[in-house]
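Pasting the structures here.
Both complexes below contain subunit A, partnered by subunit B and then by subunit C.
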Partner chain A sequence: MAKVITVTSGKGGVGKTTSTANLGTALAMLGYKVVVMDADIGLRNLDVVMGLENRIVYDLVDVIEGNCRLRQALIKDKHQSELYLLPAAQTKDKDAVSQEEIIELVDQLRDEADYVLIDSPAGIESGFKNAIAGADEVIIVTTPEVSAVRDADRIIGLCEAYDKGQPRLIVNRLRPKMVKSGEMMSVDDVLQILAIDLIGIIPEDEDVITATNKGEVLTLDKSSRTGRYYTDIARRLAGEEVPIEPIEDNPTLFERISGIFRGGR
Partner chain B sequence: MSDVVAIKGARGGIRVIINDACPWDEALSALQRQLEQGSALLQGMRVSLEVGNRQLDNDAVQVLRDTMASYQVVASTIQAESRDVRQAARAAGFTTSVPVVQPPVQADIPPSVVMRNLRSGQVLRHHGDLTLLGDVNAGAEVIASGSIVVFGRVRGLVYAGAMGDRNAVICAIELSATQIRIADIRARAPEDNTNRGPEIACIEDDQIMVHLWQDYRR
Partner chain C sequence: MNFFRRSKGSAGVARDRLLTVLVSDRVKLTPAMIDNLKRELSEVIKRYLPNIDSNMIDIAVTQTEDNTDQLETRIPLGRGRKA
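Moving on to the complex of A and B:
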């Protein structure tokens, strides 16, 4: 029976889809069977980030409407044999499915994998409600910005109202230099407001942008520092005790070079 | 004046009691005054109207409903002694009930203690004094007809004396509210939002003053 985890944020553009793709990949690399599901019907992205767009034949709405069987809609990842994507429909909108239908679909997925990760749309409307309807656990992604934290706070309140328990938090796109100079909220500042458990910190990393544009998930690159942070989060999701270390500044040139010699690409 | 329309707290809602002895337009304008003052508190609460032995026809019930609606207050129930009034109320979409004999000694509105954090978008309303053990985050609101004590950090909106009580106060361990309101007066937080320790806000000379708790006690 799979554990179903929804990745959400309230605010758009803080890294839900990137985090879903990376965590899915990281869990698969740890040996788990994983399905990542794109619940952002009408604005799908997860397939693009994972470079699987051109393999889509059927989507989530097709499964719900009975146009195909679930397994026909699951797309196998290019790199990880135990990672599958259930894409969202692009030509429909959020009202194409109901909460009950999503819960039923998610229950079917439970038999297919160890972990089901659901990429939620931004906002607090029906799309978000659908995305958390079937979840056992919720992960909130935020950036250290007042607006993103405010929205995250709202979402945590809604998760409590929907009896989803207390979500865990990823602080994404942290810039240690700006925190040090007092220009950016620190992780502690964020935690003081949100008062929930932290599951990981991801630093700002330009490589995410290049990876996304290529349709390659960064975690696949074993020399990537950000990829390692995602792998740590995946371990914590799987129940391992991995301490959360504070993020230091970007790696120096020396560290980058020695990274290459350590067998990175 | 306040005898004409009385507001009382009830389990899970609020009772609006309209005196049945005074003339109808007097009752109506008293109701309007109360709604004017207390709409922020009443909007989100379950309101039941009690009209006692007053006779109201269909039109009067309609007027009652429209008056409340113009302040975005929705009454769900009308309690009336007269069967005709209850019938008219049902026709206008209210549920109705027959007055029950109240126990002779009724305790005043109980103070309430709430233990939770209020997050953005959440609103806590209470008729009476309210103690909150937790934080009021930015974007959250606390509204009470009495005083509000927050054993925590306030970053959202707090509104005490929401039925017009200017003696109500607001206390908090950290009062960094975006806006505070007591009765009909509002104040904005100063731009520098450094935490000065526990504070109390109250009305002095038609203005909201915020004092450090240790200074105020003296």
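Moving on to the complex of A and C:
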């Protein structure tokens, strides 16, 4: 029986789809069977982020409407044999499905995997409600910015109202240098304001953009530091105790040399 | 833990603005109502402590240890013991 985890945020463009793709990949690399589901009906995205857009025949609405069986709509990932995508419909309206239909679909998916990750649309309307309807657990993604944190606060309240328990937080696109110079809110600032548990920190990383350009998920690159941070979050999702370390910028050569003289590492 | 730390830098400004906007979001008071609340609070306090400046009063919604919301206020009394 799969655990169903919805990735949501309130505000758009903060990294929900990127997080879903990377965490799905990371869980599959850890040996779990994973289905990632795109619940952003009408604004399909997860397929292109994972580079699977050319393989889509059926989508989630086709399954609900009975045009195909669930397994026919599941697209196998290019790299991970135990990772599948259930794409959203691109041409249909977001009200094409009801909450009950989504819950039924998610329950069907529970028999197919160890983890089901649902990529939620932005907003607090029906699309968001559908995306969390079947969830056992909610992950909120925010960036350290006023509007994103404000919307995250709203979503936390809604999760409580829908009995989804306390969500856990990913702080995305952190720039340690800016935090240091007092020009970006720190992870602690955000946590103090939102008062929920942190599940991980992802730095701002250009490699996220280049990987996405190519339809490759960054976590596949085992040398990527950001990829390792996603893998750590995946481990925490799977119940492992992995301490969350503060993110530093990679030290400059000068800092490394002066570190040697100070007797540092 | 001090919620009312007024730090320089835009991060501190961001944090203070968020705390203010979340008061209205969480307890469903408009910013105007919060201003009124502050003004009336300061009027009451002024009867006892005449040196209060209502602009210096801070109100924030914070969480207690058991995760319930609480309204936290800070009312600086200024320097010295004039009051």
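Criterion: the second predicted complex is superposed on the first by the 249 of 265 C-alpha atoms of A that agree within 3 Å, B and C clash if a C-alpha of one lies under 4 Å from a C-alpha of the other, contacts with A are read in each partner's own complex, and residues count from 1 in each chain.
What we mean here is this: contacts are C-beta pairs under 8 Å (C-beta built on N, C-alpha and C of every residue); 3 or more make two chains touch, one makes a residue touch a chain.
Predicted model only: the values in this text are computed from it and were never measured.
Q: Once subunit A from each complex is brought into register, does subunit C clash with subunit B or fit beside it?
A: These partners clash in the superposed model.
Q: Go through the superposed model and pick first if A:Glu82 touches only subunit B, second if only subunit C, both, or neither.
A: neither
Q: Return the chain, subunit B or subunit C, that is in touch with more residues of subunit A.
A: C
Q: Please work out whether A:Ala195 is in contact with subunit B alone, subunit C alone, both, or neither, and reply first, second, both or neither.
A: Touch partners of A:Ala195: subunit B and subunit C.
Q: Mind working out whether A:Glu145 is in touch with subunit B, subunit C, both or neither, as first, second, both or neither?
A: It touches subunit C, and subunit B stays clear.
Q: Looking at the overlay, does A:Gly182 come into contact with subunit B only (first), subunit C only (second), both, or neither?
A: second
Q: After superposition on the shared chain, which partner residues are touched by A:Gly157: those of subunit B (first), subunit C (second), both, or neither?
A: both
Q: Pick from 75-83, 93-101 or 201-209: which stretch of subunit B gets in the way of subunit C?
A: Residues of subunit B that run into subunit C: 201-209.
Q: Please report the subunit A residues shared by its interface with subunit B and its interface with subunit C.
A: Correct list for subunit A: 150, 153-154, 157, 193, 195.
Q: Once bound in the complex, which stretches of subunit C touch subunit A?
A: 1, 3, 7-12, 14-15, 17-19, 21-22, 25-26, 62-63, 67
Q: Mind pulling up the subunit A residues that touch subunit B in the complex?
A: 124, 150-151, 153-154, 156-158, 160, 193, 195
Q: Taking the complex as given, what residues does subunit A use to touch subunit C?
A: The contact residues of subunit A facing subunit C are 145-146, 149-150, 153-154, 157, 166, 178-179, 181-186, 189, 192-193, 195.
Q: Name, in rising order, each residue of subunit B that touches subunit A in their complex.
A: 117-122, 135, 137-139, 155
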